[in-house]
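The first chain written gets the first letter, and so on, giving A, B, C and D; residue counts start at 1 in each chain.
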Amino acid sequence: MFPVKELKRSFLISIWFAFLTFPIMVIKVDPIERTVLWRWDNMFFIAFGSFVISILAKVYLLRKERRAGRKKAKKDIAEPFVQRILREPRFLYPLSLAVLVLALVFPMFFSTYQTNIMTTALMYVVLGLGLNIVVGVAGLLDLGYVAFYAVGAYSYALLNLHFGLGFWAVLPIGGLFAAFLGVLLGFPVLRLRGDYLAIVTLGFGEIIRLILENWNDFSQGPSGIANIPRPGFFGMDMSFASGITYIYYIVVALVIITIFVVNRLQNSRLGRAWLALREDEIACQAMGIDKTKTKLIAFSLGAFWAGFVGVIFAAKTTFVNPASFTFLESAIILSIVVLGGMGSIVGVIFGALILILMPEYLRALSEYRMLAFGGILVVMMVFKPDGIISNVRRSYRFKKHHSKEVIEP
Amino acid sequence: MSKAILNVKGLTKNFGGIKAIDKVDLDIHPGEIVALIGPNGAGKTTFFNCLTGIYTPSEGDITLRNPESGKETRLNGMKPNKITEQGMARTFQNIRLFPTMSVLENVMIGRHCRTKALIFGAVFRNPATRREEEEIIATSYDILKKVGLHKQVDEEARNLSYGAQRRLEIGRALATEPFLLLLDEPAAGMNPKETETLVTLIREICKEGHSILLIEHDMKLVMSLSDRIFVMDYGKKIAQGTPEEVRSNPAVIKAYLGEDVDA
Amino acid sequence: MRLGLQKKLFVTAVALGFAMVVPATSFAGDTIKFGVAGAQSGDLAAYGLPTVKAAELVVKQYNAKGGINGKKIELLIEDDVCKPEVATNTATKLVTDGVDVVLGHICSGATKAALPIYKEAGVVVMSPSATDTALTFSGDYPNFFRTIAHNDAQAIKIVEFATDTIGAKKIAVVHDKGDYGKGLADIVKKLIEKSGKAEVVLYEGVTTGAVDYTAIVQKIKRKGADAVIFGGYHPEASKIVSMMKKKRMDTTFISDDGVQGDSFIKVAGKNAEGVYASGPNDNSKNPLDAVARNELKKVYNEDPGEFYENAYSATLALLNAIEKAGSTDMAAVVKALQTENVDTPVGSIHFDEKGDAVGVGFAMYQVKDGQYVEVK
Amino acid sequence: MDYFIELFFGGLTRGSIYALIALGYTMVYGIIGLINFAHGEIYMIGAFTSFIVATVLSIYGFPLLAIVVIAGLAAAVWSSAYGYTIEKLAYRPLRKAPRLAPLISAIGMSIFLQNYVLLAQTSDFLPFPALIPDFEFMEPVAHIVGSSDLAILVLTTLVMIGLTFLIKFTKIGKAMRATAQDKTMAVLVGINVDRVISATFVIGSALAAIGGMLIASHIGQINFYIGFIAGIKAFTAAVLGGIGSIPGAVLGSLVLGLTESFATGYISSDYEDVFAFSLLVLILIFKPSGLLGKAETKKV
């Protein structure tokens, strides 16, 4: 069943990996005691492991090929199952309702810890949806998204510290601050293209973090701001566990609002302009779309969500310092968008749940956790480069009284 | 004759030291179909790009006059989208559709500059926005019917045939409600049957009150369609006039015989 | 079995659902749950992993002796990457898993974020490394203890040493922009200015991990500083010291607890010679310290990493308090920590009512012949 | 004036360090348009390999020169092997995927490699042996330019010349340029594009490895995380100079290094990186394709 040729290939691969990992995996030196430890057993594990993995990968690829071949033969490129569900209201509505009910009863059946990390994951859903407007829909590669997140978090921390403003008052303010900063930063740089925009936004992200780190009088520097109050509920004093549950419901509500708003934005005149901008800027301009304005709106709307979630972040963690807003954070949010499926709301939700919950559930792997995380990121991209769920195609229904014909898409 | 809707005077475009366009004058009157011809590399597309704001002209004046309101606008240095708003739209030589958007959406994009809804409207879908959206869809659909693509509304633009893509581009440009339409080689790569459909389409569009400026290599098409023809070579205008006048112009013959004759 | 990808996704989702249920069903049983939290991956892993090893070693000894009051000690080791938001998750997880006491967290920021959660749950926390003064002085965290001296104590020692013992008149204060280094440097600067005995000619932060420190070193030279006080950890310290040697400077270099350790001497090599650093009182004659080191060598074949001794001591202190208190109840453990002395590698210690260790004296050290020697 | 010269040379060294890493970024970008975030990790692995080999050799009593040569070669060989393998595993399957997919794959690879070295070796900082001895003749100026600074400057110059030669005159270099310009055309004229891309990764990785060895020896320490920060800076430098352009990468690196050095020297190192990134933003606003990048002509 499995060709000998492939076995030989896997054997060669295992030798290659044994060679590749030789210095790092096998030799361990102690430069002070001047001793060398040769860990030959590691070489054996690597060789054996890569042999097995390469065979498994080959089997997978062969089957995939066979399946693809069969599909072509049948000449039916069936719409993916998930897409179909998302498209048909009679599936989508009950499913959404079920998910909503599940989300609402979640804290009653799971521990505070589970609720807590679910809250984190849902916050990243919102962040992902926000960045999705910028990267997925409008096609602007933003590597400094975390800057806006930081603005939101520090808005709450500082406004609360100095002026005693409460969570609910700052929630919109944080979002607006971030959106304003988005306009401010976006204005000079949005004419840059693709990867140049990427590095400039990365730079902005770092600049914001460095300012927070160095400007002690303003932000209290790296020691951060502690004892930020959790959101109040009509002045009630809440225990930690019920506080967590409360924030959880706030975030659930925020997720619902975000999905609603983002969905409507995507299916609007503005959303179409963003998509068009992603596909062809010059044609876009020739069709009368104001490139700068449209991009700025996307950029600042994305920033708005980040600021919003930032406020919640500060309230949930009760502590902020610049260490939470590094480039890696931006990279994770970007990964959520790409992994989930650019431009796809459902995809981004899945992406966030997987990427944020995965490290938590990988805790069992303890120190191998981030290794696994990085590896899984690569494997997922290689096997599903379009993301988990690519965007659902829209179709439009025509009203009778406006056009003479009616077409059912 | 009524006043020109487009008046170009002494248009010059330098790239480094090279004059891609050298003091070209051109005018278009309401209801006219005007062709711009010339050998490859004569500067025709550059001329289009200057008109539509993709390049900023080095010298000269471009003035657009709205035939209804009579408002005159100087286009030099204006952004492409502003120019489109003024009532001049274009198609591209190497088709620039939005490939993964549907046929209908492509045309709907054309409606962008004639509609208003922004964030508020998108989120709250107030009655005005809903009406506007319905209008966009209805108008776009009507335009698609005109260009003969109404059976493929939900198809992705990239899956259309070549001729259909060209027609879609025209439809998209029409959606911006231009009084002047610039077509950059609309018949390139089309088979005779498709070309024939195109000619009918262009005539129809013209009849509806759009003036047309087109770049084209297909001489049969140019001669049968155009009211007037401008000829460019090496960035300069070498001739202008009715098809008959241009056909017999020695400078034109020389320019075309000097190299490959396309038609 | 031929599953479509979509079906596989659902299967995965269901599996995830189950995975969520499983950890939720662990209850406090008849073991003592000893949590260890701190950076165990990421760029700050070097500061968190030695603590894990220390806890493992001490707990193994205790369990070998039959545990405490017949109960075995179970380790719950959780990573917080030194990030506040992850630290709250870590803390919540530990609390949910029914943790009794926690050794950690490593970074002050993460500790501050996590403490309210432990406080609410009545869990005693002891950090081997979080030095931010406010942690004990703010009075917000009655459940917090530490085996490392807070920034103020250290800063006073360093400044006194620099101005009085060395007699420096122009001092450059440099830090690593981190919460520990900058926090300390801030206080140092204020203390020098208040004392009026010397002038702060330079107060700046270096970028951690930068490829080259020439510019800042040249600047120190130009400002004519006769001493540099550095707040931060050993990698940056050794880079600056080496660069100073390369530039043929012999400005006195004084640093903190983050530098007072073998790692610094190892990495800086001969450039470390002459460097001063503050640190806990000399424990080289303390037999427990030797035990701690030997254990580590025996089990992991490693030399002590960052905060190893502090973590080892903290583990001993916590377990001792539980043993003496006879329970893991917060009030009882706190009382035991404050009243019962315990012998540890950093000395015989108990804790004051704020939570700082008493008995961990501070001394100044200088590197001589590849070893830190106490300056008398 | 002395101070100025000191800062100038400090900036030059720093810039040269960036350049050695930036070259790999720019080569990979030039050829497949990918921001290879794992490149910093390749540099780190190069530094680690040379550290391990050099320490082993010095324990077995090899002379310094032999140590330097063998460790350098080993670093280059293994880093190239890593570069080659990474491209094959994580990027090649994504050649036709959406633009961002390989970017995420690269970020994942970067996280993976960091933790791989963390687990297989150690989280601690390790002392890197001084491979460049203090040269006698440098002593008079040692307070301005040290021996290792000199070595880095010389090496960067040599690499730059060598690379220009390679790209301009050799067969593989020509194939690289052709592939960078138009992949489809390159295939049509019989260039094995896969091989060219592999070669680019191999060369870029080898440069990073040699750089890694020298830089680690200059700083005197090593740890699994060094690649990340250096990588981001080098990438910034590459973009500053015009990504895809080899002289641009070197120029961008030098400009960045000098800016940081002077900013620290005359203003404050607190905001060192702020200056670096602000410079980047400013330059890109006025020259959107970087200092030496080709301005993209809009083809309409």
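What we mean here is this: a contact is a pair of C-beta atoms (placed from the backbone, for glycine too) under 8 Å apart; a residue touches a chain by one contact, two chains touch by 3 or more.
Keep in mind the model is a prediction, meaning the values are calculated, not measured.
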Original post:
Of all chain pairs, which one counts the most C-beta contacts?
Top reply: A-D
Subject >> Distance-maximising chain from chain B - centres being C-alpha averages >> reply: C
Original post:
Measuring from the mean C-alpha position of chain B to the mean C-alpha position of chain D, what distance in angstrom results?
Top reply: 48
Original post:
Using CA atom averages as chain centres, what separation in Å is found between chain B and chain C?
Top reply: 71
Subject >> Distance between the centres, which are taken as Cα means, of chain D and chain A, whole angstrom >> reply: 29
Subject >> Geometric centre distance via CA averages, chain C-chain A, whole Å >> reply: 32
**OP:** Name the residues of chain A that each touch 2 or more other chains.
**Re:** 31-32, 214, 282, 367, 370
**OP:** Mark out which residues of chain C touch at least two other chains, giving numbers and ranges.
**Re:** 41, 49, 177, 205, 266
Subject >> Contacts with 2+ other chains: residues of chain B >> reply: 54, 92, 96
Subject >> In the complex, chain A residues that touch chain D >> reply: 16, 19-25, 27-29, 31-32, 34-36, 42, 135, 141, 188-189, 191-196, 198-200, 202-204, 206-207, 210-211, 214, 282, 327, 331, 334-335, 338-339, 342, 367-368, 370-371, 373-378, 381-382, 385-386
**OP:** Report the residues of chain A in contact with chain C in the complex, numbered from low to high.
**Re:** 31-32, 37, 80-82, 110-114, 116-117, 120, 213-214, 216, 221-224, 226-227, 239-240, 244, 313, 316-321, 323-324, 357, 360-361, 363, 366-367, 369-370, 388
**OP:** Within their complex, state which residues of chain C touch chain A.
**Re:** 4-7, 9, 16, 19-21, 23-24, 40-42, 49, 77-79, 82-85, 88-89, 92-93, 95-97, 107-109, 112-113, 116-117, 120-121, 132, 134, 140, 177-179, 182-183, 186, 205, 266, 301, 303
Subject >> List of chain C residues in touch with chain D within their complex >> reply: 41, 43, 45-46, 49, 177, 204-212, 214-216, 218-219, 222, 234-235, 238-239, 242, 246-249, 263, 266-269, 271, 302, 305
Subject >> Touching residues on chain D, where the partner in the complex is chain C >> reply: 3, 6-7, 9-11, 13-14, 17-18, 115, 118, 122-127, 142-143, 146, 148-149, 215, 218-221, 223, 225-226, 228-230, 233, 260-262, 264-265, 268-270, 272-273
